[in-house]
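Please go over the structures that come below.
You will see two complexes here that share subunit A, one where it goes with subunit B and one where it goes with subunit C.
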Partner chain A sequence: MSIIANPPIIAGTVPTAATLNSPYNLIAADSVTDPNTKEEWAGRAHLNIATPINKLFTKDYDGTASWAIPATTFTTIANVSATEINPAYTLENNALVRVSATGLVGAITIGGANRDGNGTAGQSLFNTYAFQIKITYNTTSTAIIAAGSYSLSGKARLTFFPTSAAVRKPIAQRSFGLSGCVVLSSGDVINKVELQAAIGSTANAVGILHNHLNLIIAET
Partner chain B sequence: MKKFDKIAQRQFDQVKEETLYSNVKEQISNYNGQLDGQNLPINSIDLDKLPDPVFTDTSTATTAGLKWVGETQAYYRVRRSQFLDVAGFDYNNPILTFNLNSADYRSGWNNVIDLTNFFDFYLNFEARSGMLHGCADLNFRHGYDITEEVGTGVGEEWGFDWWTNWGVFVNDVLVAETGRVYPRLENLVLPFAIPVGSQDIRIELKFQTTTSNINFPAGTYPAKPTSNLEIYALQLWANNSKK
Partner chain C sequence: MPFIKPYTYVNGNVLTNINQQLNEEALKVYVNQEIITADLTANSLSGDNLAAYRFISPVYNIDFTTKQVQAKNKLRNAIDYNYFSSTTKGGNMTSATVEDFQHLPDTAVEVIIDPQAPAGFAEVLWTCYAKAYAFDALSVAAGAGAGLWDNTFLLQIENVNGSESRYAGTIQYVFGGDGSSLGTVDPDAGGNEARHRSIMFQRKLQLTAGRWKLCLVVNPKVERANINSQGSFVETFYI
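After this line comes the complex of A and B, so read on.
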């Protein structure tokens, strides 16, 4: 809205209806814009805390049960119940969806000599376990937002000595973490966010202890 | 600011021109630059009252990027990860193998943008006054090697003292570092936070690394440990919370 003019009314002259109505008509016909407002006119009290701009959803497992990674394909972690968030949230804008996860790996067992790989590329997967955060939206669409991999032992991927077949010492009691973000469209419905894990060889064992999953939806 | 009639009108009084003019002037002065918090109910600004964010895909041939600018905050991300960005790619294959015996690098900080196909790996944007916080996600391996213990035919681990250290730099200032990470495949989340003004920002990822093959005895197998620094995925994202 531009500045509203106020036509002068002169003594002894009968003002016309158009003159008297002019300011009101101008106000009615326009919308408030920056020139109409004072600087720093809005305060915290004007922001509606009942409908925050950022939404936070969390899932925590703080118990002591260990969950063994069961397969070479990604499976949702479930110490007692699944580490997943089911927000059933409909996005109002093209929202930025941010996820993060942390946790503690407990005991690791390397299932025998060279079960962390014999140094060839074909067995490099053996010395690996990995995590990913998977989002399901609009019921059937999925995306992997974050991922990260870890080794059971400290040895390099491609290293070997022909007669060396000792069982390497595993790196147990270590933390893991991953984060990521993606933009989804207005109207998309976020159904589920899951923390998943996979292991490169089921001859080995990796136990997952406490773990935490966060989902933050930023809408403007 | 709320303004009302300046001069009250009374029944049967004659209307003076100043009364008409002044009263209208008082009313419309609200709209002439005086609207403020008293004209707006508290708790009235919510998501629907703010403009929608603007999303831009900033991906390049080698990186997956995004720029998302909202009214209260903005997000920026750059990522290079074949696991996330190439369908069907497995999680044990590095996207870059950096041989520390033969590649060029410094003992000080090395910028990731100098690595092959990482030349677009940085964030550059115009920040608004407020806070900048974010994370570097670092999926890498600098493992030890298996070699022959001299003359015994027995394998031994070589390179337990090798390490890699990563740092996040905002406009060339180190704001976070991992500390030395010893041999393993690791996925680290390195958070950072720093207050910023309304200014150009460039966020870069740098690393230090070391190897120790100089004393490696000759004639063993293999001729020298490879001491590879392998990168599986790197990601930088930052959130600019506006004041």
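After this line comes the complex of A and C, so read on.
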């Protein structure tokens, strides 16, 4: 609210109703703004719970179905339905958009000799699988907010192994997790957030079990 | 704006002390910032207006205006472990099906949902990072494959009334033993690759008003194992 004037009451002069009503009417007609409030005055009770500052969207798959990573290009995980969030949310202000995902990797199969890579450049991705979180906003714009890759076995990705070396057994039934954030602008529309996975060689197989995707929009 | 003047002055009417007091009391309440949502026009607040957070150190809580964070973090306490053991199962120690879920207190976080929470509940996001290690039995070498013992971790929530529930969608494992388990969960690689496991997950929950405990529980199948909780925290979103 702006500064509210308090009309002077002069001794010996009967104040008019207008004079007495004035400060109260000004307050009733105005709104709270910075000029006469302290910093950090607003608590939880002052904020509208119907339109919260933090928006939390999640997609959880809690079941036991396994989803096999199908390709060397990133594909949205879909055990039963796609692990994606479609908030269709228009930002009222600039916003910090935070995403995270976790899950459990199930069975892993390495498809034969050298399918975990022999250390040469052409095979450097063979012993890997990877995850990313992709955001689509303003209908056509996309960004990769978070990414991470894992080895199928305990063998390092670029360790040289002769072709005759035995393939090491993969590390199955392990967890994965990734997180990241991006700043978007007032008016941007968040259309979709997806948890995606890719595999370094389609001769190998990686199954994804339960997985969880979170989107938190914190508007400024 | 809902400030309502209790008494309107009228020319020619005698002003009573009661009427004047009503107006001054209403104004005092208002200007002392007992302000409610409806006093503000839409989008009139900025970050400068929001109350600063409170850090409640004895219970590792941070209370922001927009949310609360209840946490236990031990990133700098790398050798502090919770141990667990299947010997608590007595004669059923080698059973593949008998369950004895044990609390892992280092992962436990108490969450208090404000009774003023909208619709009587709040959405919370639980994040847990931990490192688990299963010791092999001393007299036998660890093998590989489905014969290893699968020690199962799950998120468990409890309230003050004693109700407990576990979330299947949070299952994680650490493996160990001598390769004679009847369990079907196959870690494939054995040895260190099976008995050292990083555990990380997040799960959203809707909790009603009251006090809740969220923690990892484990159904152990090896004689000795431990977990080092690197971080366990719950974010409660109110606004």
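In this section, the second predicted complex is superposed on the first by the 173 of 220 C-alpha atoms of A that agree within 3 Å, B and C clash if a C-alpha of one lies under 4 Å from a C-alpha of the other, contacts with A are read in each partner's own complex, and residues count from 1 in each chain.
Going forward, a contact is a pair of C-beta atoms (placed from the backbone, for glycine too) under 8 Å apart; a residue touches a chain by one contact, two chains touch by 3 or more.
This structure is a prediction, so every number in the text was calculated from the model and none was measured.
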Worksheet item: Touching A:A156, do we find subunit B (first), subunit C (second), both, or neither?
Response: first
Worksheet item: After lining up the shared chain so the two structures overlap, which partner does A:A113 touch, if you call subunit B first and subunit C second: first, second, both or neither?
Response: neither
Worksheet item: Now for A:I171: first (subunit B), second (subunit C), both, or neither, which partner does it touch?
Response: both
Practice prompt. Classify the contacts of A:G148 with the two partner chains as first (subunit B alone), second (subunit C alone), both, or neither.
Written response: first
Fill in: Touched partner set for A:I10, first subunit B, second subunit C, both or neither
first
Item to complete: Examine A:L96 and indicate which partner it touches, taking first as subunit B and second as subunit C; both and neither are also allowed.
Response: first
Practice prompt. Please work out whether A:N214 is in contact with subunit B alone, subunit C alone, both, or neither, and reply first, second, both or neither.
Written response: second
Discussion item. Under the stated touch criterion, which partner chain does A:A65 make contact with: subunit B (first), subunit C (second), both, or neither?
Written reply: neither
Item to complete: Go through the superposed model and pick first if A:L20 touches only subunit B, second if only subunit C, both, or neither.
Response: both
Discussion item. On subunit A, which stretch or stretches are contacted by subunit B in one complex as well as by subunit C in the other?
Written reply: 20, 23, 27, 32, 37, 41-43, 45-50, 53, 92-93, 100, 102, 153-154, 168, 171, 176-177, 218, 220
Worksheet item: Which of the residues in subunit C end up touching subunit A in this complex?
Response: 1, 3-5, 8-11, 15, 23, 27, 30, 33, 35-37, 39-41, 43-52, 65-67, 116, 118, 123, 125, 127, 129, 144, 150, 167-173, 175, 185-190, 192-194, 197-204, 237-239
Discussion item. Under the stated contact criterion, what part of subunit B meets subunit A in this complex?
Written reply: 1, 16-17, 20-21, 24-25, 27-28, 31-37, 40-48, 50-53, 55, 66, 68, 70-73, 75, 77, 79, 81, 83-84, 90-94, 135, 137, 139, 141-148, 153-157, 159-160, 182-189, 221-222, 225-228, 230, 232-233, 235, 237, 239
Worksheet entry | subunit B partner contacts - residues on subunit A that touch it in the complex | 1, 3-4, 6, 8-11, 13, 15, 20, 23, 27, 32, 35-38, 41-43, 45-51, 53, 92-96, 98, 100, 102, 119, 124-125, 127-128, 130-131, 144, 146-151, 153-166, 168, 171, 176-183, 186, 198, 200, 218-220
Practice prompt. Name, in rising order, each residue of subunit A that touches subunit C in their complex.
Written response: 16-17, 20-21, 23-25, 27-34, 37, 39-50, 52-54, 56, 58, 60-64, 92-93, 100-104, 107-108, 153-154, 168-177, 210, 212, 214, 216, 218, 220
